[in-house]
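What follows is a single structure, and I will ask about it in a moment.
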Amino acid sequence: MKTSRATPNQVNNTGFTSISNTEGARLTNADGSLNMRKTGLPPWELISIYHTLIHMNRRRFFLFIFLFYTVVNILFAFGYVLIGVEHLEGVSNTGSDSMSGFLQAFFFSSQTLTTVGYGHISPIGIAANSLAAAESFLGILSFALVTGLLYGRFTRPKAYLIFSQQAVITMHKGFRAIMFRFASSKNNHLTDVEVQLSLAFHVRENDKLTTKFFSLKPEMSKINSLALSWTIVHVMNEESPFWGMSWAEMQNVQFELLVFIKGFDDHFSNQVQQRTSYTVNDVIYGAKFLPTFRRSDDGKTTILELDKINQYEVVPLVEELTAIE
Amino acid sequence: MKTSRATPNQVNNTGFTSISNTEGARLTNADGSLNMRKTGLPPWELISIYHTLIHMNRRRFFLFIFLFYTVVNILFAFGYVLIGVEHLEGVSNTGSDSMSGFLQAFFFSSQTLTTVGYGHISPIGIAANSLAAAESFLGILSFALVTGLLYGRFTRPKAYLIFSQQAVITMHKGFRAIMFRFASSKNNHLTDVEVQLSLAFHVRENDKLTTKFFSLKPEMSKINSLALSWTIVHVMNEESPFWGMSWAEMQNVQFELLVFIKGFDDHFSNQVQQRTSYTVNDVIYGAKFLPTFRRSDDGKTTILELDKINQYEVVPLVEELTAIE
Amino acid sequence: MKTSRATPNQVNNTGFTSISNTEGARLTNADGSLNMRKTGLPPWELISIYHTLIHMNRRRFFLFIFLFYTVVNILFAFGYVLIGVEHLEGVSNTGSDSMSGFLQAFFFSSQTLTTVGYGHISPIGIAANSLAAAESFLGILSFALVTGLLYGRFTRPKAYLIFSQQAVITMHKGFRAIMFRFASSKNNHLTDVEVQLSLAFHVRENDKLTTKFFSLKPEMSKINSLALSWTIVHVMNEESPFWGMSWAEMQNVQFELLVFIKGFDDHFSNQVQQRTSYTVNDVIYGAKFLPTFRRSDDGKTTILELDKINQYEVVPLVEELTAIE
Amino acid sequence: MKTSRATPNQVNNTGFTSISNTEGARLTNADGSLNMRKTGLPPWELISIYHTLIHMNRRRFFLFIFLFYTVVNILFAFGYVLIGVEHLEGVSNTGSDSMSGFLQAFFFSSQTLTTVGYGHISPIGIAANSLAAAESFLGILSFALVTGLLYGRFTRPKAYLIFSQQAVITMHKGFRAIMFRFASSKNNHLTDVEVQLSLAFHVRENDKLTTKFFSLKPEMSKINSLALSWTIVHVMNEESPFWGMSWAEMQNVQFELLVFIKGFDDHFSNQVQQRTSYTVNDVIYGAKFLPTFRRSDDGKTTILELDKINQYEVVPLVEELTAIE
């Protein structure tokens, strides 16, 4: 039976290579990003500005646009100073003010860029007027982009799924089965939810470390509506690449379970998706999950307790391998 | 025959659990929302601001952004007062006015936030100018978000379906059949419309209340174009979970019919979907629907009368159960 | 053979009813809209403002927003006049001007609504300032909506297909075949283009006018790329509802060919679709299309001549019905 | 065996015609655009403004909107001059300035169009006020469109794929196989990636140049995730249209390999696609690709070297045709 182990649906449609080039490192990080770097092109060609700005965390994004606003104002302030601050009308009038000409030009610039245009400072002459006309034009265009980005970030379809930190292996219908679960964590509602599982074994073959990929069949791969939490179950039966493997062997091949979930969000009116992966170190051999939901006190509704998504109890598993072999 | 009743395609891909945790309460409300609550995370992590603001009703949304506008202006007004209203030029000039400095700062703030910037009040000095520059910047950003939200709400793809309030059970092709119908209520046009039906039975088994789920086969599950109203028909034949059940038995299992409709809207250029559910209390046993459309008086066009979508006539149903058993 | 005529794939997944309620009138207009009206709800519930404003023609749309702008300004001008134009500072100063107070309030309103805010007129006192603050707020919100609508109209995914005005019936592979063709008329490029055909016969049965629907199989239903024009061919063989019908019989059943095309537009990054229909009066019995494309003079590229899409030549068709029956 | 060569799945679902109307020229350019022109309609009807502005390169786009801004300002400046610059208040005051009335009207126009509205120039009288009200209204609308376009260009879903410049033919599993490869070049991540291959032969038949189309089966047509580079392999076995053809024959039929890739981008939340084509001149007969990725120095991650995507080594191919025939 040993040789049959690797045969069930060994495929590689994961996009990863079968030449194991990472030593003990995972293919996909737990947050779903790829454990990978790209080189060979100039840095600016390796980056999509859009993807970078959308993916950036909130704090850095706001810092970025604040710096952009400041730098643009400084550049234009230099421009007005070069032309001469005497061409900004209000500036000469309030010369008694403690502010330098540069600072006054800076604030005039900000009033122009944001199109506030109070008018207590205003441009005189062709040069200053032209620069101001260009700046207000640029202001509208660049705020348009910032607006779009801000809105794009805010409305970017996200799945908002939380996964159990561990996967567990327990008995199910007379076989061992590997299970993990997830739920949508917010007031969003996914429909037509689908799961795709891939499995990677890192094995040493002819003294070369290679990775073998398998498509893993979940017991149910699609549900109409993600109302409660959903426990994904892969039964380790004859058709499973895990068939006949002991826990020690599973650890030996350093398996990694690649998870890809997609669904349709009614509010975004768009498909959303999320990826994660469980390495063998994230798996509890001999444990089962505890329920995540209960009846409300008035018996009228169901309560989903998201803090319980990681709760399991240890249920020692008799090594039934001897029975198989 | 009794035992075969529960066997046909008993599945649970509804996303609900088979452990009946709600007593007599429905799984899905008539408006399509889930009868469910989430707990176990801090409140702010249970909420997607986007979903909340998109889902909120119109009145509350406008109240929300009006309050936001007012509160931001009050905060900035405090800022200008802290700096000193003497640093707002026009304020000192119109000191003869009956308005307090705070109110004048408030209105200056509103002029800055909306980038109107009349200029009869204008900032003097570094502190006031900086605050104004920051406010106009913030104004543009926050109005960008509000703009986006307003537009997002306005253009959010919706199916605009109206459903018959009741489902009816009547004879159809020699069998009993359960029927309900719906139509698009506005000047929208759905194409590639698809229906998915699930059925839930709440039954007491071994003294425990459990829910059984079935996938229910409609006579036709897809149409090219939702031109008129569409009556969904499920025939209660040998393959149906209803096969051999009397009306009393149906009431006893407290069945709930879960309905999910999706289609493509040409104007939104997007998929739209709507859910609803009929509990056993929404079903008339022995009734058939009356037509919803008629020829126009000039015979040139068809008129769909949406007020007739709930109209049915009672057609007593001979209990043919005796014949089956 | 007569009876077998109606049997092949008679279905009704068109969304239209089989009870013929329109006398000689078509189900779908040539521009793809439905020949239908809805009633039974208050007018405002029958209308989706979004669909109406997106569907409206360009001239009426611009008129609509121009009127909106004017009416809002008039309403606010009344507000300022009620408060008293003496609370608008610049107004009293330019009282020597020939403009009435109302007109000056109107222009001040427009400067506030668009957030230009020149400042030669500015509000004094709580009432005028509050109204102005509200107006600039409203201005931003309503221009946000107009902006969105304008952009939504401009970027609404459209297929830009032009269809041949006539369909033709000609011999093809030993059978008669009905053909029509279409091309994308602009510099857009559709991929994964799919066609769905339905056929409606209006026949008198037992003295009642009824409509029979058939799904019609095109020779090829999908192409990868709509590069040139695409001629859709339905062969009238044994599986066709047209099998064995003479041209006189076809005219007698007043057939209508319902056409639905969908594809993916790379620039819109969205699915686009277009509908049309050919009634029996749009069909030439015994004609074939002439080519729409030719080699460029330098032989390096292909030229698609869209004005030729309607060109056909008459090719008399021997009535082969006698041979069949 | 010769005659069987053209039989395997000869289809034409490419959207191109089988009448070869281009002499030696390709159907699809390497950048994925079609080698085609459209005529027969007035020029403005052949153009979708949206597609043109989205497709235009960046430099030309910014030039276009800058010219638009300038031209609109010039037109309105003429309007104010016609009404008389004495109706612009600030203009007469700064008459001592060296600027002409037209230039001052131009700058006033720019301040109105961008809604900066400093107010040192302001309109007097009905005519000037009306024109200014109209201009600020127009300004908001046109900047709305420009904003939308800019954002639409910036966020337009793109696949960012780079393809190997050459395709290679090498031995693979005992057969010859044609291979090319591609990778996503930026920090984007495509999932559910699918490839469709078509093949065109330009052959002389009965003294007429015709094009034959084939659907080409890749060894794997779909992967879950485009993590590294993906090498598309078509095996030239009995089912391939290339079966039994020598390199000379392949060159003789001037084959062109049409490639269409689509996938789902998580950040755009949208389907993206890219096309390319390899003509026989882009193919190296007897070569294989070198690896594009390697282990990072710390062994923890994978490095994809995009500059190596074009690297291959020559591996002479024994003409095994003799063996076949």
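Chains: A, B, C and D, in written order; residue numbering restarts at 1 for each.
In this section, a residue touches a chain if its C-beta (ideal position, glycine included) is under 8 Å from a C-beta of that chain, and two chains touch if they have at least 3 such contacts.
Computed from a predicted structure; not experimentally measured.
*Asks:* Roughly how big is the turn, in degrees to the nearest 5, that lines up chain A with chain B by CA atoms?
*Replies:* 90
*Asks:* Is the contact between copies chain C and chain D built from the same residues on both sides or from different ones, judged by whether over half of the numbers are shared?
*Replies:* different
*Asks:* Which whole number of Å gives the spacing of the CA centres of chain B and chain C?
*Replies:* 27
*Asks:* Would you give the residues of chain B that are in contact with at least 2 other chains, written as numbers and ranges?
*Replies:* 111, 115-119, 147, 270, in rising order.
*Asks:* Which bits of chain D are touching chain A when the two form their complex?
*Replies:* Result: residues 65-66, 69, 73, 94, 97-99, 103, 107, 110-111, 114-120, 143, 146-147, 150-151, 154-155, 158, 160, 185-189, 191, 193, 220, 222-228, 230, 264, 266-267, 269-270, 291, 293-296, 299-309 of chain D touch chain A.
*Asks:* What does chain A use to touch chain D in their complex?
*Replies:* Residues 13-17, 19, 21-25, 27, 33-41, 45-52, 54-55, 89, 111-112, 115-119, 121-126, 129-130, 132-133, 136-137, 139-141, 144-145, 147-148, 152, 156-157, 196, 198, 258, 260, 268, 270-273, 275 of chain A touch chain D in their complex.
*Asks:* Inside the complex, what are the residues of chain B that reach chain D?
*Replies:* Listed in rising order, the residues are 115, 117-119.
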